[in-house]
Structure formats: C-alpha cells, structure tokens
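In what follows, structures are represented as structure tokens.
Both of the next two complexes hold subunit A, though its partner changes from subunit B to subunit C.
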Partner chain A sequence: MPVPEKLEFFVDPGRCIGCQSCIQACTECDTHKGQSMIQLDFIDRAGSTQTVPVVCMHCDSPTCAEVCPADAIKRTEDGVVQTARKPRCIACNNCVLACPFGVPKMSTKMNLMMKCDMCYDRTSVGLKPMCASVCPSQALAFGTREEMARLRPNAKPINTFQFGAQTIRTKVNVMVPKDGPDEHVDVTAAMYEPAIGHDILDDVFGEEQS
Partner chain B sequence: MSRPTSTPGVPVPELDLETIREFGPFRAYATDLRVDTGVEPDKYVKTHCCFCGQQCGLQLKVKDNTVIGVEPWYEFPFNRGMLCPKGVKRYLQQAHPDRLLHAYERAPDATAGFRPLGYDEAVRKVAAAIERIQRDHGQDAFAVLSGASLTTEKTYLMGKFAHMCLRTANIDYNGRLCMVSAGAGNKKAFGIDRAANPWSDILGAEVVLVAGANVAECAPITTNYIWQAREHGAKVIVADPRITPIARTCDLFLPVKPGRDTALFSGILHLMIENDWLDRDFIERCTVGFEPVAESVRQWTPRRTAEVTGIAEKTIRQAAEWWGQAKTSFLMHARGIEHHSHGVQNVLSAINIVLASGRIGRESCGYATITGQANGQGGREHGQKCDQLPGGRDLGNPEHRAFVANVWGMDPDELPQPGVDAYEIMRKAHSGEIKGLLSICFNPVVSLPDNNFVREALSKLDFFVAIDFFMSETARYADIVLPGSLQEEDEGTVTQVEGRIVRINKAVEPPGDARPDWQIIQDIARTLGRSEGLTFAGPEQIFEELRAASRGGVNDYSGVTYERVEDNFGVFWPCPDETPEGVPLPGPQGTLRLFEPGSWNPIAKGTGAFYFPDGKARFNVTPYHGPAEDVDNEYPIILTTGRVVSQFLSGNQTRRIGPLVDHYPEPKCELHPRLASRLGIREGDWVTVESRRGCCTVRAAVVSTIRPDTVFLPYHWGGRKSANQLTIAAQDPISKIPEYKVCAVRVRKVDEPPEYAAVLEPQQ
Partner chain C sequence: MSQKDSPSAVTGTPSVPPDRGVPEEQPRWRRDFPIDWAEDDYVSRRELVKFIVLTSGAFAVGQVWIALRGFFGHREVATGRVPVAGVDEMEVGSAKTFEYPKGSSPRLLIRTGPRAFVAYDQQCTHLQCPVVPAVAEGKLHCPCHNGWFDLQSGRPLSGPPRRSLPRVSLDVVDGTVYATGVENSES
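Presenting the complex of A and B:
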C-alpha cells in the first residue's frame, strides 16, 4: 500500500529541544532495529542549546540514487526513497558523499547503506513514522497540510532547496516563517553565516546583570 | 567486604567496586527478541510511562513475559503518542541483567557484600528486627521511607502500614525532595494541592510564564503545549538561571539569579499595582489579604528587583507589562523555584501575581506546578507524608483521625502523632534515636543533599531493609534487600500532573522471588502477627478502601473506579460519589478545572470557589530571604543542580538503560565562558567543584547558556560523581524541602582525571 497522499512529513528545527526522542524511536523501527537513521546535532553548544534533527528528505530526484553505480537505491511510486537493496549495494559510499543533506549512513558491519525509509511499514498503513509520533515538541510532525496550516498559522512549509547550482525538491517539508522571504533556502550561503541564535544569546548575561 | 562507610570529615565515599561488579549498574541494550524483526507481540498493554509526572500514555509490546518495545498510544489525549527518550527506552529496564531475583542479606565475607537469601527467611528476619527494635526502643524507633513513583494504592498501603501496623510516627517519602513546597504553598493559598487546570488550558493562554522549570528536559511533552500556545500568539516568558531548550526561543528570558525568585515575583506585583494591572473585582470578591501584600511589595521597585535578581530592569518591566495586561495566561513552575530554604515563599509569591491578575478558575486562565515523579501528585495525597492521612487529611486533626481510624477499624488514640520529614529521619538515624528503617522507592544516598551525612546515618542504623528491583546505591547499605516490583509488573493507578488519575496495567510477571510491593509489605505485617487491615487481595481492593478513606476529604476519590478511569482516559479528582442536594456530581471525567465560579467544595460548602470556609483564596505576604548559604570569598560561585533529559532522578533505572546512558553518559559542570576564562578552564577539562560539605570532579562544559556567577551540575549519579555531595541540607521551615538549587562552591581545574575515571563505567 502506498503512503496516503494527504499525509506529509514536516520538520521544524525551531521547535527542536534536542531530547533525542526521535533517535531513540528510530532505533525501534522494525526494519532497522537498534540503529537510528536520524542525525541530531547541536549547532554550536558553546553558544546555544539549538539542535537540528535531520531525517531523509526523500528527494524527487534523489542524488543518492543518481550517483549509485549499482542502481541499489529505489524510490517508490509514492515518493519514498528506500534503504539500498542488500543484494545490489556494493558499499561504495557514493551516496553517503553525494547526499546534499548528509543523510545516508554506511553500515560497515552489514556492508550496506542504510537510510530512513519514512517508516514504510507504518506510513504505508496510515500510521505516523516513529520519530514524528513521539517527538515531544513536534519539531518532527506528520499529518495533512490543512492540519499544519491550522496548528501553525505563522509558518509555511517549503520543499525546494538550493545547494549551489543544484535545485532540489523533496517530499519532506521544512517549516519556515510565513512572513519571511519566499526564496529557497540556500544552504551553502548559510555555511558562512554565524550559527543560529548565537549572537542573540551572547548578550543575555551581560556583565551589568550578573 | 565490610559495610561501605565514609569517615566523618572525609567527603569521598568508597567506590564499592565489588558490589558494582555484581549488581551494576550495567547498561542494557536491545538484544534477541527485542531486535528480531517481524516478531509479533503476544499483546499490547495500554499503560503509562514509569518515569515522570506527565504520565504519558503508551503501549508496551509483550512477548514471552518480556517487554520487547513500545508502541505509541495515539488515542490517549494528554500526549497523543508523543514520548520523550526515557519513555521510548523504558522497556529496557525490564528483563535487565541487574534485576534482583532474590532477597539478599548483607554478608561481610561475600565478595560483593551480599548473599542471596530465601524470600520467606528474609521476611522473617525483617519482622524479627522490627519486633526487636520497637520492643527495645519504642515504636517510633523504626522509621519508614517511601516514594512517589509508587502507585497510589501502594502509597496508601505504606501510610497504613506505618500508622496502623507499625504504629510509628516516622514515615515520610521522597516527595519531600520534590513536591512539598508547591503543595504547602497551594494549601496556604487555595486550600487544595493540585494543578488548578488541565493542560488544555495552556493552549489558549496569551502569556505563558514558566518559572524555574526546565520543561524541555524534565517535562518534555509540555513543550508542545507551550509551542502550540505560541503558534496562536502567546508570549512565552521563562525565568531561569540557564537558557534551557524551552528558553532558547522564548519571547522574554528572565535570567534570575538562583534563590531570588520571591524578589522577582514581588517586583512584578509591584509594577502590576503601580500600573493598576489588577482584577480588582476578583481581588475583592474572591480573595483575602491583598492589602498587606500590596504594602509588602511596595519596596520591590524595579531597580531593587533588578539589583537582587540580576535581571535587567527593562526586562522586569516588560514581563510585568505582558503579565499584567494579558487577558488569559498560564503560570507554571517547578523545582527551580521550589527547591529552596524559602521554597514555599517563592511559590506563594508566584501565586500572588496569579491572584492579583484574577486569571484562574476559567478557561485558558491557569496555574500549576509541574510534578516531578510518576505519582508526584497521587503520592502526596493519601497518607505517606509525615503529617498526613488519606484524602489529604491531617494526622494532627482530631476529626480527621477519627474518620480514618473508623475506616481502618482502629481506635483513633492509637494512631501515632505526626512524625518528622525524610531528612530529619536521617538526622535521627545519625543521632541514634531511630534504630531501624524500611525504605522503598527511594535512593537517598544519591538524592538527598549533603549525602556524605546520609551515608553516615545509614551506616549507623541497627537494621535497614530496602525494597527495590535493583541494587541501588542506597540498597548497598541495607542489611536485607527484598526484591520488589517494576511498574510494569503490577497494576494500580497514579495521578499525573493535571490531577488526572490514570491506570497502570500489568504487562509481565515479576521474575524469580520478586513480587508486587504491596504483597511484600503485607507479608511483613503478617509475619509480625499484625496483619489486621493489611490483607488486601490486590490493588483494586486497596483502591476501594482508599475511595472510602478519602470520601468527604479535599482529595476526594470516592467517585472514582478503575472502570471509570479506563472509560474516560482518566478521571480528575476531586470526584466525590455524593454531594449535597442541589449540587451536581462531577461529569464522567471528574473535576477538570478547579476554582470555577459557582463551584462547590466540601470546605467552602458553596460560599466560594476556593477551599476555605469563606470560599476565598489567600494572598500571602512573602518576605524575601536570600539563600541559606550565599557566596563569599572562600566559596564565590553559586552551584545549582538539576536534570538532563535522558536521565531520571537518582538514575537507579535510567543509568541501566544503555541508549539513555549514551546520550549523556556522565555529569558535566556547566559554566559560562567568562567564568571559565577567569579560572583557566577550557571545554572538556577536568574540574573539581567543591563546597563546605564535599567535592566532585567532573568534566567542564563551557557554555554561554548559564549565568556567569553560577555553575550547574546534574544530580543523577552516585558515589564520587554525585552532585549531592556538595549540596546543602538547609530546608524550608514549612515544607522541609532541601535547598538543592543554591549553595556556595569553588571550582578549579585539575590536571589528573579522578580515580573513578579509570575503574568505573560512565553510569556507575
């Protein structure tokens, strides 16, 4: 069964509290028990508690699949990009290096690239993925666009990203401020900006207050 | 191996290496059945998390008497499937290699200090020791310490066991470390001790004020309620010495200096009065005591408030403006303002700004303390507190004594008088006045302040029996350890943060000689030959008696049944089964919101919504006092303690769950870069944090998310990693809560790693 078309995945890093519930829940997924396919990192712990969860974005034209010499990575009809197929994967690491979001992981133990398949066993029967089910801040959320519009009136979902010259459309959405500019996020530009929140937080404990 | 002791004056406990080798804590990871894909569980058991007071609904997946995983329970309305990492991985505590499968007895000749013992023989030894100590030294010489992670049925039983079977005045519980400041404050201001509102009232608030609550790490599910309020325009104000994850994106951050919360709230009330941001009609009709409070906060000008709290004047003004002018609001606080030698004053000063606003007892107008332990609410209601009887009744009140004695079938004069608090029990053990102790669901060697003193106190006992499922740091001091039950091995109810009673369902059988705690207690009573009133066949029968014992009290459970709880996703107390003519019974879900205009309660009897004879809430004058131990030249830095998201309380469970340990393996000392640079400390350096009571050496985390005059240590670890070696046993005079949130320390860089680093695993 395909993932119901109306149900979509939304990521809102602004809500993330770094609790790692998503990581713990990901290791409970029946297809890769004990291993998490999610990365969650502090942006700059010295300056902020900001964390960002990264799940597979499930690209329309997945770079990981495009660079795979063994044609091991398949995208299902409903747009979910699957873990490499065991019989085909040659563990060459091309996908790991090429993915603009840094998602696929090489399991050296299994000689296999593994990545998030959006809990296909759950989502294909209408259930939420484990990570978006448990996320206590709903930084990871799974539902309809209408629900999201109702619950988060100040944000809008985007799913087009600019990596240098490469434009990528994804099945997974990222929530951004509604009144912000409607341009695509240029990730390479952000690499040269100060970390989120850092300059704001530096001043909170000013000398005169301590 | 001899009983582990610490020499007075020598602050560092021994490492207990052999005991740790035998009993852990070791880290469990999913193996076998738990990682096999495609395993179909035998059953899914709808129950709740075993950890914090949010009591998230979840389903345990059970196969062959093993909990193999967790499945979200989407229908449970409080958390709708959401869980924190502890809830996701809690199942790994079951079928754990460290699990106690037998009773144990202290054995100086055994390598690990203990040898297994038959259950019946262990119970006989416990009964004999109780008999001997009470005969030789009086009934009060045997004390009981209980816990608020137990089901309400068990906490009721513990109170009855102490008061009716042992007839000792000395029973108290670990909520003394947790909920008592909030409880005392709520009783003084409202006459009732429960969150005033269901969490759904957060959603419509215009201002959410979070004071001293690391919501994202200690009550993670509440995060989504706050974020959701903000999506619809709420301003979020956070008062905390650290920029916790919930504070990171708040609208206004009040970086309050630890121990100065009363000053902050008084300063806000000062501005509310100055600007007439008051609900004068509500103050007039529904409260008493406003004038003296108004007079007392006159001195709390913004300038003075800023000086004392360390918060910029303009920030205080902004907070007062938003709070003062909001149409709806929700104020929540937790241990950050409560863990103080003036914790009750802090709570009352927070309540004062709620009462002055008139925003309580209505939709989207709320106030609550966030409970810590699983049954932080229910566990403080039915008689295991040192001065309490079931139904929130008072042990010192003759009418209350007569009522409960009648339910129990005993002479009220035979009920003991109120006893002393948990820390005082330790002092009495230390001085020799208390000779024997039974402890359940409590790990004071890790969780009480100045725990080198606690270790000494336990070492001096003639006899100590601990009931536990793991060999906790405290159980290592016991003469007999009895194998109790995990939450998933028994059934019952707990009352979560909103005052909602929920059902804990049994998923698996206790292993080996382990058995449900209520059976163990009744076995001891029977062996003592004092089984009267302690012959329950199971938790539901205990609950039925609890209903009767609480009938007519403030904490009235009489209308609650297991069936009603299950049919309604929980029932909010008060929920009486009888009311006077003309007063409607609560709906199927009980009383969701307290203090609604026109509501009836058994104290006010219709005169008003609050639980006093005149039905009016109380303003309380809250003089500001600084912390018991302020900084000085010798100890110039403030230490504050708290929790991390992946660990829970003393860590007796969570330090045995591998994936949670890996998230945050060992305690770190958080300090601001400016302080670090002054002390020559860099990220990852070993640092020794030292107070007048003890010291501990951990790695430094240099972060600008903490006040530069304050360092933070999480307290989940035992032995030489324990933050509570440093904390001070100063207590609030009313609530007796210890001052975990402020003491004076000095910090220095050390070049060598501590001794423990080479021999202990991170969680040990």
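Presenting the complex of A and C:
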C-alpha cells in the first residue's frame, strides 16, 4: 500500500528543541528495534544550542541509490527511498559518503546500512511516522498541506534543493519563511560563510575564501 | 495546484536521473539496474543461493521425516470398536462393504472360511479403483489395470500396485464381527 498522497512530511529545523524524543521514538519501532534511523545534529555545538533533526528527504533522484554498487537501495512508487535491502547491502559505505543530506549511517555491527524509510510500515497505512507523532514542538510534522498552511501562517514548505549545478526535489518538505524570495534552498551557497558565533571561516576544504 | 509548486509531484513518479534528462537518453546500465522498486526484477546471487540451499534443505529434511515416520510411526490406527456384520448373515465366500471409521472410504469384509474373516480397504493402492474379491482363487482383483492382491495378507501379487491394501483388523465375538483398527499399508 503506498503512502497516501495527501499526507506529507514537513521539517522545520527552527522549531527543534533538541529533546531527542524523535530518536527515542524511532528506536522503539518494531522493524528496527534498538536502532535509531533518525539523527539529531548540532549546528555549532560550542556556540549555539540549535539542533536539527535529520530524516531522509526522499529525493526524486536518490544519490545514495545512484552510488550503490550492490543495487540495494530502492525507491517505491510513492517516492519513499527505502532502507538498504538486507540481502544485497555489502556495507561499502558509498551511500554514507554520497548523500548530500548526510542521512545514511552504517551499522558496522550488522554490516548493514540503515536509513530513515519514513516509517514505511506506519505511513503506508496512513499513520504518522514515529518521530512526527512524538515531536513536542512539531519540528517534525506529518499531515496535509492545508493543515500546515493553517497552523504555520508565516512559513511555506519548500522541497527543491540546489547543490551547485544539480537540482534535487524531495518528498519531504522544509519550512522556510513565507515572505522569503527563495523558490529553492541553495545548500552550497553558505559554504563559505562563517558559522554563527564564529569570526573566522572553518574552511573544511582548505580553499581560499572567495 | 500546479505540478511545479506541488511537492507531491515527487509522489507517484519514477525516479529521476541525476542530470534530470529523459529516460530514453540514459545509458543502458540505468535500465539494467533501476532505482525504482517496481522495475527491479534482479535476483542477486546471494538470494538465488539462499533459495536453492533452503529449498533443497527442506526436501532433505522432508525425506528424513518420511523415513523416520516409516520406521517409528504407528502402523495401526485404532478408532474404536464397531460392529460390522453378524457371522450368520454372511455366507462363506461372500463380501460386504462397510465404512470404518464412519465416513471413511469403503472397506471390504470377506468371509474366507467358516471361521475366517478378512477386511481391507476397497481402494486399489495403484489408482484407487475398487478391488473385487476372487475368493475361489484366494486373491483380490483390481479390474482397472489387472492388479492382483493376496486375499490372506493383502500384499500385491501382480500388476501395477506395489503396496499392500490397508488392512482392517477384526475381532469375532459372540457371532458378531467387530472392526477394531486400520493398519496403514507399508510404503
């Protein structure tokens, strides 16, 4: 059964309070008990309390699947990129390195990549994903587009991302300010900006600041 | 809502190649290794080996189970004591069909002598044709494919059947013949 088309996933990192409820809820899931498929990233741990929940964005052109040499990552017709097929995954880490959102993580103990599949067992029967059902600030929200417009009048969902020359559309939406001019999120645009609270650039690529 | 601003445009569409080009212009390997679940009919070597090992393992275990059942299984199934016929109502050499237990396939009761009765399943062990008693010759005859069974033991004598007829054990008490159990035929 596919995920109902009306129901969509909305991520608003600005609402995240870092409570880790989503991680706990994800760990509880019966299909991968004890193993969380969601991560909570700290933007700049020394200078800020801001956290970001990282769920799979479910790209229409999934880079993780593109680079998989074992053909283990598949996308179902409802647009959900499933976690690695266990008989096929060879634990090569290609997807972990390739994903622009940093979603896949390798479980070295099990020799298997496990990533968020939008709680396919739940969403395919119309239920909310575990994380969205527990998130107290609804930084992770799952519902209809109309519901979102009513509850968050100052935000709009965006699902187009620009990585240099490559455009990627995702099934999961990110909430951005409503009056912003952006039609897409330019992910690499801020690469050469100093992080919040930092005076100098953490130049991870060792390149000159342009 | 137009396709452009609807994020659900991502839903229900096949995956897009990284250059967002048309599928026809994509290299051949892209069709061989599709990202979409529905188009993926590739069976990996590991899956094939797993299937073969598990299936042949199941067959092997099944063979062992059949052999063990043949060695240690109960040959006789007792389903109670049921009166079948009176001794007086049957002449020597005559036969009668009955059901034992109730609702079973027909069984054949034959009076072979003044004090001798035998009973067998009426179905031939070859293709389930009804067998006909030939008491004078000491045999049971299956007319379908000319199969012959021994009247005293139920063992196949000639023709296609290879297994004995299942025997119904009998008990004669006070002028009444009772069926007491069914012996399964040996395979």
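Quick notes on this one:
Here is the rule we use: the second predicted complex is superposed on the first by the 192 of 210 C-alpha atoms of A that agree within 3 Å, B and C clash if a C-alpha of one lies under 4 Å from a C-alpha of the other, contacts with A are read in each partner's own complex, and residues count from 1 in each chain.
In this text, contacts are C-beta pairs under 8 Å (C-beta built on N, C-alpha and C of every residue); 3 or more make two chains touch, one makes a residue touch a chain.
These numbers were taken from a predicted model, which means no experiment stands behind them.
Under the clash rule set out above, the superposition-derived model of subunit A with subunit B and subunit C shows the two partners fitting side by side.
Put simply, more of the residues of subunit A are touched by B, taking subunit B and subunit C as the two choices.
In the superposed pair of complexes, A:109 makes contact with neither subunit B nor subunit C.
In the overlay built on the shared chain, the residue A:8 is in contact with subunit C alone; subunit B does not reach it.
When the two complexes are overlaid on their common chain A, residue A:79 makes contact with subunit C while staying clear of subunit B. Touch criterion met: A:159 reaches subunit C, while subunit B stays clear of it. Superposing the two structures on chain A brings subunit B to within 22 Å of subunit C, judged by their nearest Cα atoms. Taken together, the two structures place no residue of subunit A in contact with subunit B in one case and with subunit C in the other. Taken in their complex, subunit A has these residues touching subunit C: 2-3, 5-6, 8, 58, 60-63, 65-66, 70-71, 73-79, 82, 87-88, 145, 157, 159, 166-167, 169-171, 173. Residue ranges of subunit B in contact with subunit A, taken from their complex: 29-30, 34-38, 69-70, 72, 74, 79, 81-85, 87-89, 216-217, 220-221, 223-224, 227-228, 231-232, 243-249, 253, 255, 257, 306, 310-312, 645-646, 659-660, 663, 672-673, 683, 701-709. Subunit C contributes residues 7-18, 20, 33, 35-38, 40, 42, 44, 46-47, 50 to its touches with subunit A in the complex. Residues 14-21, 23-25, 27-28, 30-31, 33-34, 45-51, 128, 130, 133-138, 151-155, 197, 201-202, 204-206, 208-210 of subunit A are the ones touching subunit B in the complex.
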